[in-house]
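Quick heads-up: structures coming right below.
Next come two complexes, and both contain chain A; in the first it sits with chain B, in the second with chain C.
On to the complex of A and B.
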């Protein structure tokens, strides 16, 4: 797949929103920028033919995450809005820039986007799931089949993490909740 | 040796976006003095990794992995499953981090990293 105008515009939008979240001084503006970022990312998932991930990202990433951040802001402070943007620290930019350059140097070694012979798409595991998911699980959506059947223990672990996080958050907030 | 070449940009564009998002997330984690913005930075970093996985699963002309008669080719379902799990785990992580932040504010009255450090050493 070559770069289309829509994809290019979306990627620019997403990176721009991330920069906005990083540089805006007001925390509320930063949270809003991050919400727009999540929404842009969920549209990218749709373009990459991952509707399940897109739905989850829109509901959980753009929805619940924004609500959590807003509730946290409502219970704390936002910094003084004495200026629009944070000052940029050159030393940190150099450090992060080095990291980005090293990572970017590895990009040419990756298969082109959408290459049917890439190890992930053309691999045995993918082919097994696509060939057998419906027969073995009676579920037409291969993502659901893998999530709930083949990797069911993984999903159980995920549920345990969510439970543990709920317990941890309530424990930490104990004084506020039961005061 | 310049990592960014124009022909690569048209075939590997998502991977360059991944690298940029990882950089922005890292910058926020290191540089933001406000704890809430650090959490946002962690999420930006995570989403960069998600973009890497979902891009790897993509196949030109592929359909979403919902099996129908003669519906192929499909994109790979496995990375989608891994990222679905990762999104939910990421939200749990954010919830705990924000709970800690609310508690820190109740205890110290500030969310500024430098002020917190001073309070700690006083």
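On to the complex of A and C.
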């Protein structure tokens, strides 16, 4: 698998931002690094030809999450950063490093992007959606067709989860605020 | 008096207020575009809802959180979220009433053509309402934080 210069630069940027978010001692810098990480990942989704996911990542990860974290930060007292980076725990590095190695070992087994012989592209289910989505649901975006029509019941569950989680968080926070 | 009076949290800036006033309608339009056009291009209720919610967050940054909260009642926000769930669920259950399966949009074909497309648009709009109002509600409550406790004690 070969990387173009853009993909390589993006991957470096994302990994760098992730390290920054994890290691920077200043919380504000860490939040900003996390936002940049989300933006980088959303562009990677675009390169992987998943614009729906990229849009979500950009709007939720880089947008709303950053704002909520910043607002939460504004309500807390942040101690002055006495040094640039967090101290690194060797055992944590070993554990996380092992996990990354195990995950990385599966990468060569993945099919190339857009590989016509990959099981997803050739799969019966994928082909059914691509062939029938427009006639059966009247929408051109097959992702939306799956989301709102074929798997509509799952999406209703998802929406209710967002609603329930939101209401629960609001109830708990409200009690905290007005206690 | 309010969260806005704390130093460093809110700075009244003509530049920010003017920018937000000019940009906000376009962002809201873009959010609705993402929601409605999600049927034919990337996007949908989840993404559009977040963008719509960010309009209110933008207003709060420009005009102060407290005044935005007064302008947009929290009850309206919660009603919007509940309305989204009800819209989605009633579209799904309506097809059962008409004798079909859950969310079998084609059952609505007797009322209007392209029922499937419009049904999906409505569902996306419902999802958008849920996501937007949850984002706005979380932001309001997180922003209330300590400022509100001080506020309550001051009035008591």
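Quick note on the criterion: the second predicted complex is superposed on the first by the 168 of 179 C-alpha atoms of A that agree within 3 Å, B and C clash if a C-alpha of one lies under 4 Å from a C-alpha of the other, contacts with A are read in each partner's own complex, and residues count from 1 in each chain.
We adopt the following convention: contacts are C-beta pairs under 8 Å (C-beta built on N, C-alpha and C of every residue); 3 or more make two chains touch, one makes a residue touch a chain.
The structure presented is a predicted model; accordingly, all values stated were derived computationally and were not measured.
Visitor: On the superposed three-chain arrangement, identify whether chain B or chain C touches more chain A residues.
Guide: Answer, by number of touched residues of chain A: B.
Visitor: Does the superposition put A:14 against chain B (first), chain C (second), both, or neither?
Guide: So A:14 only meets chain B here.
Visitor: Is A:56 touching the first partner chain B, the second partner chain C, both, or neither of them?
Guide: It touches chain B and chain C both.
Visitor: In the overlaid three-chain picture, which partner chain does A:137 touch, first (chain B) or second (chain C), both, or neither?
Guide: second
Visitor: Is A:64 touching the first partner chain B, the second partner chain C, both, or neither of them?
Guide: A:64: touches chain B and chain C.
Visitor: Now for A:153: first (chain B), second (chain C), both, or neither, which partner does it touch?
Guide: A:153 sits against chain C, while chain B stays out of touch.
Visitor: Which parts of chain A are touched by chain B and by chain C alike?
Guide: Shared contact residues on chain A: 51-52, 56, 60, 64, 68, 71-72, 75, 140-141, 143, 145, 147, 155, 162, 165-166, 169, 173.
Visitor: For chain A, which residues count as touching chain C in their complex?
Guide: For this pair, the touching residues of chain A are 51-52, 54-56, 59-60, 63-64, 67-68, 71-72, 74-75, 136-141, 143-145, 147-149, 152-153, 155-156, 159-160, 162-163, 165-167, 169-170, 173-174, 177-178.
Visitor: Going by the contact rule at the top, pick out the chain A residues touching chain B in the complex.
Guide: Against chain B, chain A makes touches at 1-3, 7-8, 11, 14-15, 18-19, 21-22, 27, 30-31, 34, 37-38, 41, 44-45, 48-53, 56-57, 60-61, 64-65, 68-69, 71-73, 75-77, 79, 86, 89, 92-93, 95-97, 99-101, 103-105, 107-108, 110, 112-116, 118, 120-121, 123, 125-126, 129-130, 133-134, 140-143, 145-147, 151, 154-155, 158, 161-162, 164-166, 168-169, 172-173, 175-176.
Visitor: Quick check on the complex: what are the chain B residues that touch chain A?
Guide: It comes out as residues 3-5, 8-17, 19-28, 30-32, 34, 36-37, 39-41, 43-44, 47, 50-51, 54-68, 72-81, 83-85, 87-89, 91-96, 98-103, 105-106, 110-112.
Visitor: Along chain C, where are the residues that touch chain A in the complex?
Guide: Those in contact with chain A are residues 8-9, 34, 38-47, 50-51, 53-54, 57, 78, 81-82, 84-85, 88-89, 92, 102-103, 105, 114, 116-117, 120, 123-124, 126-127, 130-131, 133-135, 137-139, 141-149, 152.
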